[in-house]
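The data blocks that follow each hold one structure.
What follows is chain A paired twice: with chain B in the first complex and chain C in the second.
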Partner chain A sequence: MSAILSSRNIVELPPEEAADLRSKVGERLAEIVGQRWVTTEPAILDTYCWQYLAEAAVGSRWMFRPLAVVLPETSEEVAAIVRYCNAEGIQFKAISTGFGAWGAATRPDSMVQIDLKRMDRILEIDAKNMYAVVEPYVTGNELQTEAFKVGLNTHIAGVGGQASVLASATSMMGQGLDGVSMGFSCRNLLGAEWVTPEGEIVRVGSFDSSGRWFSGDGPGPSVRGIFRGFAGALGGLGVFTKAAVKMYPWEGPEKLTFTGTSPNYQTEIPEHQLSALCIVDGWDGMAELGYRLGDSGIATVVNRTAPSPMGAVFTADNNEFVDIYSIPFVHELYYTLAVIIQAHDAEEFEYKVDVLKSILSDLGGGMIANLPFRQYTYWFARFSRTLSRRVGIKMILRSVPGLLKMFTKMGRHFGLRRLPTSMSSLVYESAMRSGMNLRGIFRFGGTFWTAMGSLVSWDTAIKGAKVGAQVKQKYIQRGQFFDDGADNAWGGLYENGAYSHLEELACYDPTEEKSGDTAIGYIFETNLASAEHHLSLPLNAVGPQASMFFGPLCRNYQAWQVKIKQAYDPNDASEGSSYVMPDYKPGGVLKKLVMTVLDDRAEIDLTKDL
Partner chain B sequence: MATTSEITTRARRGAKRLSRKLRVQSAPLSKPPHSSAESGPSHPSLESLQHLTSKCPRCSLCKFPPLLTVRSKAHSSICPSYDEYGFHSHSGSGRVIVANAVLEGRVGLDEATREVIFQCTMCGGCDMSCKFSTDIEISETMFALRAESHRRNGPLDAHARVLENLEHHGHPFDAEMGSKGDWLSSEPAVRVGMSQRLVLVGSAYALRTERRATLRNLVRLLGAAGVDFSVLGEGEPDTATMALHIGALDLFDRLARDLVTTLQRGGVQEIVCADPEDFATLRGHYPKVVQHDMRVRHAVEVLDEALAKGSLKPRHVVRKRVTYHDPCSLGRRSEEFQPWEGEVHKIMGQLLVTDPPKPVNRGTEGVYDAPRRILAAVPGVELVEMDRTREYAYCCGGSGGVPQAFPEFAANTAAERLDEAGATGAELVVSACPGCEHNLSAAAGGRRIEVTGIYDVLARSVLGPGKTVELAAGARKER
Partner chain C sequence: MTTDLLQKLPDLPAGPTAGDGLPSVRPTSVEQVAKLVGWAREERVPLWPRSSQAPRRHGLAGGSGLAVDMSTMTAVPMVDRRNRVALFEAGVTFAQLADALRPEGLRPVMPLCPRGAKSVLATYLEREATTLPAFQWDLSDPLLCLEVVYGTGDVFRTGSAAGPGTLEEQWSSGDMQKGPMGPGHADWMRIIQGGQGSIALATWCSAKAEVLPLIETVHVVASDTLTPLVECAYRLLRRNAVDICFIVDANAFVDLTTVTAAERAEATRRARPWSLVVSVSGGTELPRRRHEHYTAVLLREAREAGARLVDPPAGSPESLLELLRKPSAEPYWKERRSGASREVFFQTTLDAVGDFVHSFREHAARAGIGPEQIGAYVQPQLGGRVTHVELLVACEPGGEQEADTEAFAAAVAAPLVAEGAFFSRPYGEWCRPALASAGSRDVLERAKSIFDPDRILAPGRLGLKGNPDGYNL
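For the complex of A and B:
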């Protein structure tokens, strides 16, 4: 059962017919890219079926097999593949690093999977004009590594540094931990080379007229709004083969240094940089802290991670996580923000740190940070005091044995000398390089899905976190989601706090029967709650199912999407089941699931705190 | 919402009382650490690993070194197979997915599937990178997948001859390469026969003529250090590493038991491996098959110890800029097998834990420091590191049965590694593995950089030019 399947009339070709079609498609694609870079072998095709969230999309760990997988090397080859698909009446979908069910086939024997792995060059880093031009398979981690060498940094999507820069910038939302200083992927796209759904190569932004990529909005034509809009078309509107993304200043060294071994690397926090875990008391304090950090403009990263994924990031496996999570106060660390500060010189650094201290003093907060020993001790004491004010000194005392055990273990991993700064180092690695994010979400049960996450004001995002947690609690009580204390809101500020997002993560075992239904139920219910509590469009307001619900509430944006899709993709060649399907009608199974959710909704009480 | 005390209580009660039992591990995983030789093989089966393989989120972390360690775009990959073939199937995740597809009967083990399975150097890079975040056993899955392929369909054509050689000659090479004792003719001082400390020279050092000089330097160094040892010469059994990599577990198990029996009967208490492939197999795979209490060390550990004690003194200057290539088999693949008998449980709703905690080999406990200390001890040597070193070193392409079945892949991988070595400005790339030295040398033609063994470099400094066996120029650049 699945939301997508239930909306489609799935027709499977007879086996012989399917084999003939695969063979024909494979031969023609080989003429375009060479035999070596095309496959129709079932074992290889299957590795494109197994996708994150497939259990929710199609009720199985496996999406459908594509007809073929093809690895082009140039934009011209991509265009030729797209034109061939149009001519033959078959669909195509491109992936780069390819992480998610939206990249895979949703019907059998219907689609060519274009894997852009071979297009993996950083074409240019223009340090003077602060932009980079990349091909699809360049990851955030790779671009950041090279950007550091010329004094630049790049936004990395929250999914992690292993994911494609281009895919996030052109086709997804791409929120991340560094949004306060570097925005999010949607906002960083300066231009793109776009193979339209019919196979025309189009260059947009200033590149179209000047040959440079510094502006997405002219003097050449800007069609960013058309091909990606707010949330991206998730591969449903052609293929992107180059992207220019905005870069940001990096005040650190050309290469970061680190000590230790996997999974306990410790990055040396560069000079004039601060990595702090800040704490305040309650959601109101969190709201104030976020706004003041945004207004002050001192931070490179402001990120909120809930206690459970924070515990996962700090530990090597789930058993170790249980040890740490058993320390009574650890799962009470709700009101924390990770803050990274970078400065050009000592004077600027001192100013920025003083501002942070001032904010925390005003709010009665504290921090654990890589400060000189006396300051470290003072602010650590304030951190403990802030926490004990809420949870009580008894809980803090009860935590001591567990803490000692944890410190002993960390001392073994990192060395006693590094113990005071080890937490700051882990926060830094997680926040600055997006290198540890997946530990915090996939390891608990095997997978996760996420809800809420509107781009709104910070206190509205916090309101959304409360709503999301209360919806999720029902599923936790039924044992369907990992019991993370219900609050697993992750997100932060964007563009100096002009807007923000907090999404409510839910972790579960995807191998459990009906786990996909559970996840869809949760998403539907949180989407409903988002609308009812005026929380704006959530992360999951994408795809035809969600658009049916949210469109009428938001000026019928789905009608515009349909028009765009029909205008640019008259043959419906660009597989768009996660974007828009002009003929979409919900199937009976989905309707039944919706009714089940409507009959059994969680009660939301916004006066309740966590 | 769970209260503080509820969560604390739940977690503290421990996995057993709280959980719904997910699955009792199948026999291989619950096999006692040292099962008796009579009880049969106990390599993990595909089925026993499915609770781990089904957790692959396809995140692609297995394609890169741990992200914090990446130093350049040019050297940001960890997977030679994915670099060569490009399809997701050829990454660690891809092979885990293929394992799931085979288990669920979605695909058979036809020729194309078997190529996917065997177009891999088994270097363990994906396994190490994945385990930065998870506990998915990619390497174990790949061994199990190869074993399943072999069980159903036998070896690839290119591997069949290797197995025949193992069966008939006691080593994986063709008979015309000579005898494993031939190299001893120029080393009359070396004792041949059983002793408490046996140097297992390995088939690659003993039979590849261009690598014998390196082997002879090793035994001369051990002699100079006053190490009491013997070798077996022609009668030295093979560890059957190639059978393991090809998936021929029946043969591997039999030869493993034979080797242990032979050595134990000979009174051997310590095995010193010259070839790290033997070292990795003895430490990482023999314990699954056969019980023994012999100490297993690699020769670089013995030499490192001798340097520390002062029984070896590097005197002669070797003025070279050197980079060290970590052999996968001396590094991340050499970790000791850690048996585990237990259960997977779900607590706190959907949190997967193991009871008792399952140890995880993450590739970090390999032999990384000893070879670097050896090189640092040689006067004149300037040691420079490549971008990918230690547990996240890039493979040379010379392992996993790849050179035999997919020589172009092996050569391309070696070229990639030599490019990386060349980028350091080094004149010499030094390794401690005959397979790496062979494969890298074969790709070094036309390059400024030369390939040599760590024993050769140390011998030049300790023994001096007159007593060091110099590699033929062709052995440094074989093409």
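For the complex of A and C:
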């Protein structure tokens, strides 16, 4: 049993009792949604147990089997299910596209899994007023595809274009590559339909009284604040059945054009759009580049991806990755930002690109971008010069054979004509559709976890990246994490640089014994480092365990969270093991793990870069 | 307030008696506020927070009790150009904040010419509409973090200001209280904001500030009808071409830009029925080019929308820009027409504004209010996705007309809500139609019970229940 759940009193029902309960629950749920949309079949239930990070949550690749899975079609059906669970003292948890252990059962035979995949409609796209209303199972790419047709775009969280827009906006995080121009998921929420933990349907924002979804706050205090803070309630405070989200201008075509075949395909970069990989000298240069890009307001995407996942994103398998990552200078591409610019017309495009050039010139940087050939060559040369200043010309020269091999391969995939812009095209595809991140990050070890990642100033985010890498180095040196160069900080700017985030990704093999405990040790140690260096609350400040640690450091917010949970979910029906458990007490395994970490801390020296 | 109660009152400086006749105290620190709330809880005394100096248009007490006057808390401990943020106390006015920001090359995000005595923090807490929609990413903007005292007496900090570490320790790490969400799973700032003081008393906040552009020009696009200006505003906001952006009718524009009778007469003659007021700035990079480009965009969009650029009805474009960067001169612009006014405001979308203005005028006509008394101010928010509509009804102060206007402004909310207006900031009588849904009301009642269990903070505001045992007043 791993650290998290060892604190719970897990009581398994005798098999016959569990079967009876399952049967009874299944029958009643069938009365609500129809027999076809309920299952208690173990083989089907188990498909809901295979979840990302299960090894860290429960010490196994599998979460626990729910009592039943039910697939409602309407908000009223969801509300009826929730009311039934309250009446019977059964917990429930909703899942839409799902991504992680927090969506699944954390005790055996204890909860009803509400699968929202039948609620998959885009209810409205208001092109003029730039908002959309979606049901839970609408993905980022689905909404984006429809939005492009009317000149709009949507923020897609870093989890990828396959994930639910609603889940990200109402319930779970929301960092993304496009944050500089399209914000953070919860800040895009313009209203929601909320089935409360007791089964009331509450419409939050303007829809309640006006029948339209343009505004999410009020009347009076914003109900958004109750169910959605930095992290969201991760399913621990009811179910969201509709969400209105802000949309953003899209200046590209109604449909993007692709060439090649999966997985080696490329996206045509539309007219008046630039996709650039910009390089500067060191973290100080990165800081200046970020601040100036934020102030200027020219960018649609500003993203930092470290060399190892960048290599993984741009390649189709680990063999290709090794080829690229073996090129000496590739794993030195630390101080880069992917920047995408879109413009309404040629004149605006020229202005924005000139701003980027001006900033890079001031900072002694360069870029690889889809520019006209002469400009491309000039900025590529500057890119090489910037890199060689740090790594030396000899390393650049040593990289030539590997580069030639890579170009040959890319030429075969994409055609020689496309070679100069193939890198830009891959950056573009990865950033605009958010479709390639996961293929990179899961490939190294089978899974990953992530740490640090506070929403803070860009300077503080960079400081957090340095701290995170130095903590992680220890785990790499011990062979517990994949050697990704330690600095695998991913993130960027939000709201034109109003705030930022860089999270420290860590890749590992989940089939390794105790890998879950190792991951939790890493999370605890990075959380500790975040607190010690005053880096604000990291993205793992989630759930009862983290709240217990951070709460006393942050005005005892955990006590107020418990009050919210108790006020809105008096029967504790909405399964809250990743949110709030009023009776939570840390178990012995967790305490032991904490002591182990405390006895063996990584040394942090902020004066050095790895 | 009885003598017994006063004797137990924590030792705090007394403030002036407010317009609603309440005695007031002037705490100068969060510790004093917490002590005061603890006393009020024990004695069941209602507290009515106020951080703006008198006079006030909203926020007068709905009953008896004690006013908590924080207007003398005027420190600005942090201004940071790099992160475009400031941290300041509850009593800081826009003029004071602008003075603190200017040397750093920043400007405050402001409503349209607020009253000079208006607290910035109170303005932001009330989600008042501001004139820079392109810089607003969330309706909670520009408010970021808060220090508050809940109705329980607990001191709390929201967002990244909560910790870990003191403010100074966070500053030394480069973190300038820019994260508005959390800490944790709730957005405490958002629960407090819009609460009209009924959830917590705020002592300071951090807020976004914007770069003071080196080049900025203001332009007036005029039309005889609203529709072309709405279309033009949509296009400009979508392009992020303009900083300041709002629409006013002739009456509101004249009220905004003139003070003397002679000025008013001339401006009334010159003002077109509707005006879209925008500014084009050079931003931070290649400012001349940016300014030239977006000025050309403005001209093109105005032409294509069938509107044309004109001079302001009074003064020059330069003086108008200067005026829009400052609080209102006295008398307050909303009271210049007849000496007093009542405002009715709500949210909708830009394309629906025309219908609401038409409807409002009809309701007003039925109440005997003529078009010469009504001014319209239309403020796009959130990059043009939401629009604040503010309809001003001028009246003579202190007489029957003011009472009738007051009654009309209270009563007109119900039909407007029925027509789809969203009263996101309901005051007084507006609460009944705005918060008609039982589900929403129940959610707010539960929140009130969490943060103010004895219901001593601004009891009755938003139509929320008071203390069932009553108050010792």
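To be clear about the criterion, the second predicted complex is superposed on the first by the 607 of 610 C-alpha atoms of A that agree within 3 Å, B and C clash if a C-alpha of one lies under 4 Å from a C-alpha of the other, contacts with A are read in each partner's own complex, and residues count from 1 in each chain.
By definition in this document, a contact is a pair of C-beta atoms (placed from the backbone, for glycine too) under 8 Å apart; a residue touches a chain by one contact, two chains touch by 3 or more.
This structure is a prediction, so every number in the text was calculated from the model and none was measured.
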| task | For A:L190, select first, second, both or neither according to whether it touches chain B, chain C, the two together, or no partner. | result | second
| request: In the overlay, answer first, second, both or neither for which of chain B and chain C A:Q558 touches. | output: second
| query | A:F407 contacts which: chain B (first), chain C (second), both, neither? | reply | neither
| said: Contacts for A:V223 in the overlay, against chain B (first) and chain C (second): which applies, first, second, both or neither? | reply: second
| task | Considering only touches as defined above, state whether A:E41 meets chain B (first), chain C (second), both or neither. | result | first
| Thinking of the overlay built on chain A, is A:K128 touched by chain B (first), by chain C (second), by both, or by neither? | second
| said: Let me test your reading of the model: by the given contact rule, A:R443 touches which partner, first (chain B), second (chain C), both or neither? | reply: first
| message | Under the contact rule defined above, give the chain A residues that sit at the interface with chain B and also at the interface with chain C. | response | none
| Tell me, which parts of chain C touch chain A in their complex? | 82-84, 127, 137-140, 154-157, 160, 162-165, 169-170, 172-176, 178-179, 181-196, 198-199, 208, 211, 234, 238-240, 283-286, 289-290, 293, 296-297, 347-351, 382-386, 417, 420-426, 431, 433-437, 439-440, 442-444, 446-447, 449-450, 462
| query | Which part of chain A faces chain C closely enough to touch in the complex? | reply | 126, 128-131, 183-184, 186-187, 190, 196, 200-206, 208-212, 214-234, 236-237, 246, 249, 291-292, 295-298, 344, 347-348, 351, 354-355, 358-359, 454-460, 463, 495, 497-499, 530-537, 541-542, 547, 550-551, 553-558, 560-561, 563-564, 567-568, 579-580
| message | Can you tell me which positions in chain A touch chain B when the two form their complex? | response | 37, 39, 41-44, 46-48, 50-52, 61-62, 69, 71, 97-99, 115, 117-118, 122, 138-139, 141-143, 145-146, 160-163, 255-256, 258, 261-263, 265, 267, 316-322, 325-326, 328, 331-332, 391, 395, 429, 433-436, 438-439, 442-447, 469, 473, 476, 479-483, 485-487, 507-512, 610
| remark: Contacts from chain B onto chain A in the complex sit at residues 1-2, 4, 7-8, 10-12, 15, 20, 54-61, 63-64, 66-73, 76, 86-89, 93-94, 97-98, 100-101, 106-107, 110, 112-113, 116, 128, 131-135, 346-354, 357-358, 360, 362-364, 390-392
